[in-house]
Amino acid sequence: MEKRWQLLKISEESRRALYDPSASLEHYEKNIENCIGSVRIPVGLAGPLRVRGMFASGDFYVPLATTEAALVASYSRGAQAITEAGGCVSILLHEGMRRTPGFAFKSITEAGLFSIWCMENRDALHAAAGTTTRHGELTDLGMAIEGNHVYLILEFVTGDASGQNMVTIATQAICEYVVAHSPVTPKYHFVEANLSGDKKATAHSFVTVRGKKVSAEVTLPAALVQERLHTTPQLMERYWKMSAIGAIQSGSIGVQGHYANALAAFYIACGQDPACVAESAVGVTRFEVTDEGDLYTAVTLPSIVVGTVGGGTGLPSQRACLEILGLAGEGKAQGLAEVCGALALAGELSITGALCSGEFTRAHQKLARGDEANKEKGHG
Amino acid sequence: MEKRWQLLKISEESRRALYDPSASLEHYEKNIENCIGSVRIPVGLAGPLRVRGMFASGDFYVPLATTEAALVASYSRGAQAITEAGGCVSILLHEGMRRTPGFAFKSITEAGLFSIWCMENRDALHAAAGTTTRHGELTDLGMAIEGNHVYLILEFVTGDASGQNMVTIATQAICEYVVAHSPVTPKYHFVEANLSGDKKATAHSFVTVRGKKVSAEVTLPAALVQERLHTTPQLMERYWKMSAIGAIQSGSIGVQGHYANALAAFYIACGQDPACVAESAVGVTRFEVTDEGDLYTAVTLPSIVVGTVGGGTGLPSQRACLEILGLAGEGKAQGLAEVCGALALAGELSITGALCSGEFTRAHQKLARGDEANKEKGHG
Amino acid sequence: MEKRWQLLKISEESRRALYDPSASLEHYEKNIENCIGSVRIPVGLAGPLRVRGMFASGDFYVPLATTEAALVASYSRGAQAITEAGGCVSILLHEGMRRTPGFAFKSITEAGLFSIWCMENRDALHAAAGTTTRHGELTDLGMAIEGNHVYLILEFVTGDASGQNMVTIATQAICEYVVAHSPVTPKYHFVEANLSGDKKATAHSFVTVRGKKVSAEVTLPAALVQERLHTTPQLMERYWKMSAIGAIQSGSIGVQGHYANALAAFYIACGQDPACVAESAVGVTRFEVTDEGDLYTAVTLPSIVVGTVGGGTGLPSQRACLEILGLAGEGKAQGLAEVCGALALAGELSITGALCSGEFTRAHQKLARGDEANKEKGHG
Amino acid sequence: MEKRWQLLKISEESRRALYDPSASLEHYEKNIENCIGSVRIPVGLAGPLRVRGMFASGDFYVPLATTEAALVASYSRGAQAITEAGGCVSILLHEGMRRTPGFAFKSITEAGLFSIWCMENRDALHAAAGTTTRHGELTDLGMAIEGNHVYLILEFVTGDASGQNMVTIATQAICEYVVAHSPVTPKYHFVEANLSGDKKATAHSFVTVRGKKVSAEVTLPAALVQERLHTTPQLMERYWKMSAIGAIQSGSIGVQGHYANALAAFYIACGQDPACVAESAVGVTRFEVTDEGDLYTAVTLPSIVVGTVGGGTGLPSQRACLEILGLAGEGKAQGLAEVCGALALAGELSITGALCSGEFTRAHQKLARGDEANKEKGHG
């Protein structure tokens, strides 16, 4: 473990937060009620993972908090393959956090009038939101009319916070403004009417965004696929086809392997909200043999919900994990999302490789026998 | 905190595991690779939550591990309302863990022959699976033919384990058997071809099951709704209608509010796999005003993935949380799923109440101001 | 039949086209290849249906072409109930026809550059589309990047044509423009890459539009529900809840009863493309008991694909059906969509009434016995 | 046209039904109410289409009724390519028509008791259904409990009828039996509670069936792809990848191109219910370059709803179309479904070829100019 720490160059304080958490419970009291203690989730490092993003650039050792054996090893294997191939590109494509208040009227006619009025007064709505926050801003205003109900689809940027709290308060201000000023008064309204995708997987996310949308890609030479993943680009593409159609028949949203493993372990380590795994574990993975016979792989995640301020990001051990990445605090949320995308890419490579080479089962078998040898390799 | 501990009557050792985790890192080494320490997630108690299930019965204080302020308070509020109403019924409806290996053939004709052969030899497949496990058993065998590809849909019971590991090994045995004995040999095959819903939300889950399917219900008298949730059954039903249609328009799977919050905090506390939040946070919530003017509420979750042995359930602080529930170890997994259902019910009541009474935003506003007073109440 | 004709006041020529089609096959030769004759689909009238729309206003007798017994009678029953209640409001909310060409690049980086270039040159793209059509216009330009692939999401208005042909040609012009002028050249591209929802039900449609989005509503007094539908608003709301949750569990898109029946019969009668039933039969139906105890019902269809010029709309018998509605030719497509919405509303009322009163089965039983008496009433 | 007729060897009466429908309106009166005449839909022949199925075998000229120019030509082109390649295999995989009655109880406990009672009495339910029909039979009984609601999932075989009517009557008998005999009496119930997928696309269909599930495949040599479709297997596979991911991002159910075009034209010609296009136009298309460089293509449609008796199948012009196929009357429904699958395959080949070669747009452009020359070729 000492060797790993030396790789990281982080402060003694961070190190202590991760290694000896015994003294730190009082730091958590603003984040919990009815506290009786804490659970401890071990953190392993996956990497190095070379990322060439717009906001994150360099070789990252990614902290993953999990109690599932072999998970860190599997991600680490994928990360190393990416790094040996020269790294992956991971790009933040779009940002936006949504709230969708709902308003009930007497009739469609009133609903229509209200909608038109909102559109015409979007500057005022923007201003109302602006009174509540310096970091957030209303960036888009949409509308869904369903009979005499109107859903406003409000999209905000939220700075370095994941932003659910910020957009709720801003939306409340918008609701109060429209109720006070609209020429037609709603019979009742709710600050959130469940069209926002909060804490759930939705098809909606692909054509919009929830949080941060990231796409990442890498091309692994065939020789590297053989050496690191013990299979061929051809078989991995075949797996992709069969598994994509498997996912489609299951009625999943998007097609991917196990983004949730990456996201849960990363979110927990880095003080993100792990309930957001429900909405974030959606996207598209694609494997393709290139004209040169190498393996092109891309992942696209439309709903990464991360921040580097607020929530659990300031807690001692969680902040230490962000520091390991060099992504703690102001100005770092976009880079954090790009690392997320790169990590998901590493995981898709590793698990698909393991399913193609037969190592997926062998890893499970070794786990079942408690064979520790396996753990240095890790296959999903 | 002392008062809370006295409520719980658990062993000194468990108490220490939660309260002073400093000595315990070596216990985690079989569950992690490349370890550099641990993150600490504070645990709060929600309850008492009275559950009248087939496997779980009594008043539970539910440990929730989260860094999201107000979450525990909100669930606790819902739990207390349920308990005051006499408790909720929560019933395990169905169990089954799936693996879906995929086989590629030269033609549909071969695929068809293979499928028929599998059906005719299901006893042999059952036996092959049985060689790998004493706790698991193949309970259902389905098939999806897509051109020259065949997906076997294997469903197992897995005893008290969540079972992903167990079913992988059993499926491997089945794959080896069919490859060795089938009159048509697949060109290639994979032990899992992504029709199983592993780590992802799928529409499939409603008509099948993934893990454990639970439904829970409670009727809250109108007076209790007013006193505890500060709103009316009528408005809560109205919210349900608008939010259900909101969810439908977003392309979500099922309709519910925020199961993910309950599941993530509960899974982390109790040593479950938090990546399974991706597949578990799916279901149906229903609010209805009864003929007597009271509030009937039900939740149905078809994909709860929990176990009481294996995975992270034996780790010190995690096991302590299971002990708080009285649900550690053998024979307890079904009860754990019923508590999950009851907890999700508590959360849907609390958040919907908060959205109807306006407290949802006020809670967020207080959080933003760091107002601690709010935290004793908690609204989602 | 004579009496029905007198209601309609249409030209002798239209009447002949519907009643004696023997002479008209040559009119069809531009609409078919390898012709061997024609099938005859009988047309019945449902109505009167009172519509109070922005583009369609008045009492309509709606021509429905079907070979399914009881269908016309059922829609007619619903239409009459609406009319007795004073008519329904049906409002066109949004219009837009999509094409989604796809472009493949070497890398995400190139894909990103291309996307930015497209955004910066949207006026030129608008102009390129404009060279191909006087009636259509590019109204929105979106983008979905997935790895090194870019999908342009082009939305057009298309005048009175349903517009699939028009938008294909305009999209081709845009593709040619971008390939010629973009600083990065795609490796290959396709004029349509299947994100448009053409000929298929998609979740996408709710947050966008495909063709025309319409919402229609009516409130039926309780006495009228009893008299016409032989049930109560309370039971119809209960049915709605159970059936909405049924649909959700089936993994359908939206929740509704049988829009497809209305749309297929209406599209065939009026020279629309019946394959578009696949994309149009999606939406949300809502039933609600009002504070006064009456029945509020709304339908919202985001993907009505209709036109009054082009396609089959100029063929003799089809044009006669449009003339019966007073909606043939230029300037009428928006009204046609509003009638569609009203018709779907009539159908949801009638079938739900029949399911609540028990008449749904009795209608089927009578059909099975060939009992003609039933047909004057019609229940779904 | 005379030449085409000579190909077909059908009776003079059938020929007259298609060619001179003037005398036949009285035949339709049991299939329509409030009749004012008929619309005429021209019928073209696509083919020859060589099908090697279990129930349909031989070269078929497929009648398609449509007013969309180029549609028949496009399907004919695909059919001819299949035939030149030696024909396609099309296999009926599974049959079953569903009804899903819903029952409301006081509590989950009652719901559970009811469910268990139904399971224990499935023979009696089978018998109750059997009293209503000689052709249909209850083949599967499933259950979905949601709070205090129970949905029975009843699956029937229905002989040569599409069967919606038959299963409604049988389900009514089952409902009456359970209400009379169950130890717990439902508060209310409905013969259909919208979990059946009737008239709507559902994700449910892949893991079950609705009507008839068919899969069809063909391998086209690369030279034939070039000669007939003017493109290469490689580019068609690339198109498939991009379009599959396009469809996935749109939130469609399954991935396919335009099954709806085939199904609507075929259903209308052959007296099927065109509203069922809504549920049938769902499935999976797959294109793959084989190891030999040829093009493997498969389609799988889980929800083909067809019959050869009942509905519109006995009407003069519709019956003539069934006779052209040699699939009129008793014992032919399964073969009809296999032809449907083969036809969908032809269409996917033709449209994808056209999108790859650029002919898709050229076909639209020629249509726009009214250029008849195009029509002999046809590209989607």
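Remarks
We call the chains A, B, C and D, going by the order they appear; numbering starts again at 1 in every chain.
The rule we apply is simple: a contact is a pair of C-beta atoms (placed from the backbone, for glycine too) under 8 Å apart; a residue touches a chain by one contact, two chains touch by 3 or more.
Just so we're clear, the structure is a prediction, and the values are computed from it rather than from any experiment.
Chains touching both subunit B and subunit C: A, D. Over half of the residue numbers at the subunit C-subunit D interface are used by both copies of the sequence.
Computed centre separation for the pair subunit A/subunit D is 40 angstrom, with centres defined by C-alpha atoms.
In this assembly, the C-alpha centroid of subunit A lies 20 Å from the C-alpha centroid of subunit B. Centroids built from CA atoms put subunit C at 38 Å from subunit A.
Those residues of subunit C in touch with two or more other chains are numbered 144, 146, 202-204, 206-207, 244-245, 249-251, 253, 255, 284, 286.
By the touch criterion given at the top, residues 1, 4-5, 8, 15, 17-22, 24-25, 28-46, 63, 65-70, 72-73, 76, 100, 102, 104, 144, 146, 149, 151, 165-166, 168-169, 171-172, 188, 190-204, 235, 238-239, 242-247, 249-253, 255-261, 263-265, 268-269, 271, 273-279, 281-282, 311-312, 315-318, 320-321, 324, 355-356, 358, 360-361, 364-365, 367-368, 370, 372, 375-376, 378 of subunit A touch subunit B in their complex. For subunit A in complex with subunit D, the touching residues are 203-204, 206-207, 241, 244-245, 248-251, 253-255, 284, 286, 288.
Interface of subunit B with subunit D (complex): residues 89, 91, 93, 107-109, 112, 142, 144-148, 153, 202-204, 206-208, 215-217, 251, 284, 286, 296, 298-300.
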